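Inspection log for the structure reproduced underneath, given as structure tokens.
Chain nomenclature is as follows: A, B and C, assigned in order of appearance, with residue numbering initiated at 1 for each chain independently.
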């Protein structure tokens, strides 16, 4: 009976979300552009090496005979200093860009969310300690810490990724702590606590799943931010190293020729706009669906937790101290 | 109010201590052999050992940290491996150029951003709104270095309107030298009435400031818009309308003051952004400021410089946060601590 | 009027007609969502963006307020008609002092020299019973209590000597003792200054103690309208009777609270018959199909019920 109610509530909410999403996106030209660009980016990332006209050159094979050619029919974006087709490099470069940023964000979440949730749930000294550490990391101007770490570790995409993850986890810790602090007062958490459910279980099954919405919002926005950050690091020479087709690196390469042959740098506009539009489109999307999502979270979140709580009572029986 | 400031300062000092710990850890612990890096790749083992002793790298870590902190507090921030000059001196020497750049950018970005945000909220869903939102997305999306390159191509190569790089034309050093009073060329030239130099300096400042201001404009406009929309939906706006107050008064005075409260936080954020954003802008425009110093230091693994700038940047960040808190308590009487 | 949203159009008010005579206090009663606040807001043209006035007019001394230009409407707001809101703490701007806000309210309508304006404000504050007017003027909203804020809001609304005061649930957010004070204040001010009041509330007790006439609203339609004494003596609409019965009575302490079962219809525009049919204990077939007209039962006592004249007996 409860399951039926749940199912109907979820399906109603889900139908509502799709409809609202569609309506919100179609109504707003900016959101529409953003969504288009993200889809393009994801497609490139997934299918890049297959649809690029010169995949080998995209990876790094050079063709010095054809260096610095202006845009033409055979090379839509022209060629770079080593004769590689620009268009291919852009397309192939989508994959590492997206992959790295998703990795960084995931890593930051994996470190930050549990720590933050723990801090918010426990309060007291552990909370204070973790928050001081977070504040410390957040006290660095953005990117400066990442730059310093990469400088210390040496250039390379993996070092850059690690440095960025280390710079980003404090945000997630803060977010998670905020939601955890408000969630711990909710009745279903108290109920679980009174039934003797272990703290780890509570965190894992109740607190974290219910705080996922703002964290996911932040994560989707951050994917775009991290793409830019990784590229910026590469531009300075602190990130990916040649021959990886990193977009930032390509802009830096093109910079030497910019006054005579502008195309190496010019073409990256679209690539870059992609990355940031990710954050914006997701912003709008989440804003328009947050209402629906919020309802869904309330409709689906706490309720299954409560339902699960009640059913788990049986499993927990051996745990409870017999009076 | 004074107690509030003092309390915040005390907290900031604690944060700075922690920061110095992190920078120390990065500087000493991570590189495999700091001494070897210091001398260079061709050194012999005895020389490495000698330099290690000279730098105090063979002492136990707590002692190293203690000497590090003592030096920092007395003004000895180490010697740059690249320039062989004291790091603090290098930093302070380059500081005015960066301050001028950031100052110009923020002076441009804050009023413009707020204005755009207010207009966007006032005419929601109409043409100004869409335009402003577009501008803010573009401003936030475009990386500073790319925008800088684009502007260079456009204004220097194509339109021949503005200079390519640098802060001032080298020839001016002979024809109308700038008396260096504050180090801020715009201020100095005005103070000494050196109008030719002023014109040149201003022209040089335009593109870099614009490039650096792009992101703040975008962010501030967006936040102001959201904040204004929020304020305009409040009960007090409805009550003000019921009392017959004009829309203009409501928008530009009653709602705006409320809306600015979260915007000050964003302004602080953009100031913090520009601390590192200036690195990229300076690199692109060859601006002789802290940014170029740092980037060179990063690439050459000049640890004293990097750590010095990091600490300096963090200090600046702390000051900015303090200012933001003060501004907020001035704007919002509810948060004032008597 | 109706609400237009992408999800569809719903009717907010359906055939609501109000008359507020000069120097009269009219109470507008109904439960939450029946449209009483909307009625008040629509007088001043303060409806939300999704609302549209589809039919009707709003008459102020012969002038139709619907379709008035913004600048003319602005002159009416605060100048001819003042409004007091439910939550005084949120109706004042938190970052400006009370004095500054009152000066702005005054300045919107009258160009007075500074001294004269300040004097009028101070007098007004004294009249609403606020001691230490200078302190109040300097204070920010969060520094004053709810009762004081509500007095200040009333003072602010009356600054430009309006002829009508619309009070939208002014005491709902206040303690009972403060509520009594504010009600007394409003009655006192009305007597001394002679303006009319449209008093919107959901509380029957309040309506009974403050108004000369009562209009009962249900689901966007007028259910009953009469002089206060007559309404409470002979409630002629089943809804009115249900409301009166549902009010807790100190004498009936042990008895269960009576309530009206069912819910208010979501969109009364699509209801063909009487809106109260589903919840009415005396509903007949005619009620579901034919919408009852608002009939005069004698001496200005109006009711919209098919069974009205006969249903007046008993409770």
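Miscellaneous remarks
Keep in mind that, in the parts below, contacts are C-beta pairs under 8 Å (C-beta built on N, C-alpha and C of every residue); 3 or more make two chains touch, one makes a residue touch a chain.
Remember, it's a predicted structure, so these values are computed and weren't measured experimentally.
Under the stated contact rule, the graph of chain-to-chain touches is a line, running from one end chain to the other without closing. When chain centres are defined as mean Cα coordinates, C lies farthest from chain A.
Inter-chain spacing, taken between the CA centroids of chain A and chain B, is 26 Å.
Chain B and chain C have CA centres that are 54 Å apart. Rounded to whole angstrom, the centroid-to-centroid distance between chain A and chain C, based on C-alpha atoms, equals 51 Å. None of the residues of chain B touches two or more other chains. In chain C, no residue touches at least two other chains. Every residue of chain C that touches chain B in the complex is listed here, in rising order: 44, 46, 70, 74-79, 82-83, 85, 87, 90-96, 104-105, 108-109, 140, 142, 153, 156-157, 160.
The part of chain B that touches chain A in the complex is made up of residues 15, 18-19, 22-23, 26-27, 30-31, 130, 133-134, 137-138, 140-146, 149-150, 152-153, 156-157, 272-273, 275-276, 279-280, 283-284, 294-295, 297-299, 301, 303, 306-307, 310, 313-314, 316-318. Contacts from chain A toward chain B in the complex involve residues 29-30, 34, 132, 135-137, 139-145, 147-153, 228, 231-232, 235-238, 248, 251, 254-255, 258-259, 262, 265-266, 268-269, 272-273, 275-277, 279-280. Residues 234-236, 238-247, 249, 254, 257-258, 261, 331-334 of chain B touch chain C in their complex.
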